[in-house]
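Quick one: structure below, then a few questions.
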Amino acid sequence: MNIVACVKQVPDTEALIKVKPDGSGIEEGGIKWVMNPYDEFGVEEALKLKEKLGGEVTVVSVGPARTMETIRTALAMGAEKGIHIDDPALYNADAYTTANALAAAIKEIPYDIIFCGQRAIDGDMGQVGSILAELLDIPQCTIVTKLDVGDGKATAVKPIEGAQLVLETSLPCVITAQKGLNEPRYASLPGIMKAKKKPVDVKNAAALGISVEPKAKIEKMTPPPARPPGKIIEGEDPAAKAAEVIRLLREEAKVI
Amino acid sequence: MSKGVWIVAEQRDGALRKVSFELASAARKLADELGDEVGAVLLGAGVEGLAPELGKYGVDKVYVADDAVFAQYTTDAYAAAVAKVVKENDPAILLLAASVLGKDLSSRLVGKLATGMASDCVELKIEGGKLIAKRPMYAGKTFGEVSVSGSPQMAQLRPNVFPANENAKAGEVVKFDAGVSAADIKAKVAEVQQDTSGKVDLTEAEIIVSGGRGMKGPENYNIIEELADVLGATVGASRAAVDAGWRPQSDQVGQTGKVVSPNLYIACGISGAIQHLAGMSSSKYIVAVNKDPDAPIFAKADYGIVDDLFKIVPELTTAAKKIM
Amino acid sequence: MAHGAKHVYTVGNEGREVFWNAPYELILFAFTAVAMAIFAYGLYRRWQLWKAIGKPEDRTDNAGARIQSLISNGLFQIKTFRDVYPGIMHALIFFGFFVLIFGAAIDATQFHIGLPFFHGSFYLWFSLIMEIFGLAVLLGVVIAVYRRYIEKPDRLGYMGTPDNTADDAIVLTLIGSIIVTGFLIEALRLYVNVNVDGFTWGMWSFVGYALSKTLTGIGYDTARVLHKWMWWIHTFIVLGFIAYIPWSRLLHIITSPANQYMMSLKPKGYLEPIGDFETAESFGVGQLEDFTWKQIFDSEACTRCGRCQDGCPAYLSGKPLSPKKVIQDLKTYWLERAPVVLAAQKAAPEGEEPQIPEPEKLMVGEVIDLHELWACTNCMYCIEHCPVCIEHVPKIVGMRQYKVLMEADFAPELQLTYRNMENNSNPWGIGAHLRQDWAPELGVKTLAEDANVEYLFYVGCSGSFDDRGKKVAVALAKILKEAGVSFGVLGAEEGCCGDSAMRGGNEYLYQILAQTNIEVMSGYGVKKIICMCPHGYNALKKDYPHFGGNYEVYHHTEILADLIAQGRITFKKSVEGLFTYHDSCFLGRYNDVYDQPRNALKAIPGLNLVEMDRSYAKSFCCGAGGARMWMEEDIGERINDMRTDQAIAVNAGTIAVGCPFCLTMMADGIKDREKEESMDALDIAEIVWNAMGIEEAAEEAPSGEAPPAEETSEAEAPKEEPSE
């Protein structure tokens, strides 16, 4: 089975994200770069599938030179080879352009199933997997928490509000991974060492023959409004205090 | 020249979801600014009658494809249908909900329409005739203002953020032939498992109500469960409660349990040792109920109540019932 | 024929004829030769097995220190005496036998060569001493039998089931019957010698003499015959004993002193770093062959005395781990494997790799259960108290390394911890940039701001990130400032020390963390370091030198004790209540820092210090070492609760600690035992700072700690302090 896992390198969840003074992006100095956690679920599922059905896993990523570390991480986990699409015009590209680059690279290799994270924790767009599926003209199952592949089809569980959809699709298809799909493995040391020698193709936009014209653009980045300090709800009456918290959760925090 | 602000209305089981009215109102506002009409795409089986409701929230025209093939949401059928009617009518702006299905559909549409989209937006405005969508990035640590150069300019709207304002318009039904048949559906819905428990796994939960040592015993968790039921939340526990055997290991939140990042985490009788904080501090909002005013959890809490949780938690349930 | 012509023994020239009534010299020699041959063959066979498996390791350097270990641990039995009752038992047998063998040698010399002084008062005293030590051995055997078969202490078993073997019974029977038959021969001889030959000095051999008094009624010729029989019985038992040595637990007579001689001369708790990540094909210990020969030999020295088990926090809290069981299981496995390997080696043609069959059982996972493997807190009680210098912990860490580095198969919560350490250089995964924010109001300068300081205060993860640990860091920084100590911190440049990674088997991650820290520290020319966490202290002091990080490293209690002694810390307040000090394993057993923390406490006016039952080298672990801090504890009782109970038992109001891990564990234990009202766990730095009385009501806890008293005011700090 030919399995593809798309990965993105993102700042660690806990990294300090500071907007550049001109609002053009974030300060990258001092950031610890890691594999997007949702992509990690995808890589893990790809590896599990390979272990079950045989075949090989190719990781594909778009990003600057440092992205190679993330590709190596996936190779250390057990993927066989990598494709690194490195082109300055694609750094911080929008979802469509990124998916287009991935699609161009994936079209050049055989594929039966493609894994993506359901979203990346930096841009939080959550679009690439679906656009990729469309560009390859194959079905998609997004935000999947359980997957079963066999007999040329995939059965995926997708939670929706208050229910779960069991989706059935022919292969090839795109699966976007949600938390809960699996527990990504910790790379073994021989895996890490072997990963250094595994083949990674580096390609640019010209080699892929794709347009880098953006479809969407971040005009400006702004820091979030200063979060108000924690409030202690004072008072004697438990009912009043409870009601106030519920009101704040609805009206201020907008989380219920 | 593209014209019109469109939405894709979301219905489930023959009823429009609240977010559809939020979309309609937001679209109305943009359309008024641009001097445009608001169009809505409505797909489903036996949903034509829902059009007037959309009209009430400011939709001028409702493009309806009423067909059995749309009875159940599938990416393939819905995306093909919306893409067809959008391509035919060329709206300037297309808004969808950042709901589970809206995310799936809108992203596929981006591919079909070869355009751009701002996901999960919390604010929309028009600048120089173009849509500027504001959205959180980096888990809310920054906001980005996004413009779309492709057409239509797409945006997903986060539910419960945009107000649903009544603003009656015609809501005229325009039927269209989606040209979709069951054969076009490659990814089929084999089964819908109604989640009777209503319980989501902790790691995926949007709201978690957690009880700790302060619960004093397993028998007291009913008050936590009641609150969780009302909020549609999942119940969690601290290590102390799990160790004491009050809750199963699978409920444990913290360094050695599950790491969670819900939108709302309500900590009841949990002091907030670092081992616990490590498992839940990335929650968007934290509420703490603890009778010890020095409990470290209050330093992390957005809203805190220093009081006996046995008095407060049932009152939270009562108050939540009133609004949910 | 016997040398030394027939003596005439009289009063004033007391003595006796060696081999009296037993003129079987040649037959005896023949039998002795057979026994010695069996002994030698057994030892040779064992020797081959010892050589069959294991990586090379040099344990013969520094002979002086090794002889010292042999004398103190072997000859003087220092460690066996740490447990008085079984210590005395063993000493009775050990010293008794030692003297008896010496006596037998004198007898033999007298017989073959003749000793000019083997008569008169020398003979009398010699007889008396032999008698006393013979009795000592017998007493020792009686105690041993009583302990093993009647008293049945837990440590002579596993989880309540005695692990007695037939070998134990045989050995005790052999020893006992050697002595008993010896006394009986003597009694029969004296019966004749005293009554017929007029050896009036017979009562110097008081045991035999007393027994001989019971023989009245037996004819002297009958006695001579009985004596011959008894002599043969005695002789066969003795020869059997000798022949049996290499085939039984008696082998420890050889292996234990050998192991004591070959003890580790490295710093306590030393773990050999993995050298070549790039080229090695396997890491850690996955099979027997990955141990060094010495690590395997350890199991040959083990006598199943169970001292290790007696203080093992994992075992005592009901977890499956027992250091004794690990060593014994490895021994059993090795005894299955070694002959197979040896045979394969012998069968292999010259210059070719032997075809060694795959083991039937997995060593890590089957022989050693994974629950055992991961239960170890690395507290080092076992190593500290093993009388024969077995090193249990490095074996456990080696096997953990295999599971982590080779198989990446270990607890998910530990994986999370390692990821956190990788990504944010702290086990909790809090943003690395927040490391410097533990006390911005104190204005402690970083080395980047001013590197011209005497000490680096290495705050560590707990002091930097944990709200509870921060209070300790703040107290310590204030004390240091007050005492005029010149110090700085690394701020956000500091990283996790890596101890938990190392002890949890992730040597790779540990070395990355260590090298990162060393690069920063050495970049600033750091010479002296103060650590507030014994884990960092131990790692920086003992393990960082492997990577070129050579610093003078102090734990804060050492510094505090020193500052108090110098009068640079003075106390204005006196404290009340009963305090007990909980020794951190990584301070005490690892670094022998026992007195400094106690001295610091005792210097505080009014402080009443009481020791728990288990303290100093016998201290009971809090349960957090060896990466256990980051793992679920779901088998048996919680170790920290047990330790808290020990503090409760001495009515301590405050458990004083010197380690943030211990602090967390003790504080949790106090909560688990619902003693929050009456008990507290505090770091010594906090107790000292409080007693210095500088900070009165005006001072508040570090910012962000306490919830605001009033609802929102402008002055309130934002939720997270922005970093500088």
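Which chain is which? They are A, B and C, in the order written, and residues in each are numbered from 1.
Operating definition for what follows: a contact is a pair of C-beta atoms (placed from the backbone, for glycine too) under 8 Å apart; a residue touches a chain by one contact, two chains touch by 3 or more.
Keep in mind it's a predicted model, so treat the numbers as computed, not measured.
**Student:** Measuring between Cα centroids, what's the chain most distant from chain C?
**Tutor:** Computed centres place B farthest from chain C.
**Student:** Which chain pair racks up the highest number of C-beta contacts?
**Tutor:** The chain pair sharing the largest number of C-beta contacts is A-B.
**Student:** Can you work out the whole-Å distance between the CA centroids of chain A and chain C?
**Tutor:** 49
**Student:** Can you work out the whole-Å distance between the CA centroids of chain B and chain C?
**Tutor:** Going by mean C-alpha positions, chain B sits 59 Å from chain C.
**Student:** Any idea how many Å lie between the Cα centroids of chain A and chain B?
**Tutor:** Measuring from centre to centre gives 19 Å for this pair.
**Student:** Tell me, which residues of chain B touch at least two other chains?
**Tutor:** In chain B, 298-302, 304, 306 touch at least two other chains.
**Student:** Which chain A residues touch at least two other chains?
**Tutor:** Within chain A, residues 13, 227-228, 230-233 contact more than one other chain.
**Student:** Which residue numbers or ranges of chain C touch two or more of the other chains?
**Tutor:** In chain C, the residues touching two or more other chains are 429-430, 707, 719.
**Student:** For a test of understanding, state which residues of chain C touch chain A in their complex under the given definition.
**Tutor:** Against chain A, the touching part of chain C is residues 277-278, 281-283, 404-408, 410, 412, 415, 418-419, 423-424, 429-433, 508, 707-708, 711-712, 716-719, 723.
**Student:** Can you list the chain C residues touching chain B in their complex?
**Tutor:** By the definition above, chain C touches chain B via 413, 416-417, 420, 427-430, 465-469, 630-634, 638, 664, 668, 671-672, 704-707, 719.
**Student:** Can you list the residues on chain B that touch chain A in the complex?
**Tutor:** 75-76, 79, 99-101, 103-104, 106-108, 110-112, 114-120, 132, 135-150, 160-161, 186-195, 198, 200-201, 203-204, 206-207, 231, 263-264, 282, 284-285, 287, 298-308, 311-312, 315-316, 318-320, 322-324
**Student:** Residues of chain B touching chain C in their complex?
**Tutor:** 213, 240, 243, 249, 255-257, 259, 273-275, 277-278, 281, 293-294, 296, 298-302, 304, 306
**Student:** Can you tell me which positions in chain A touch chain C when the two form their complex?
**Tutor:** By the definition above, chain A touches chain C via 12-16, 30, 32, 34, 183, 185-193, 226-234.
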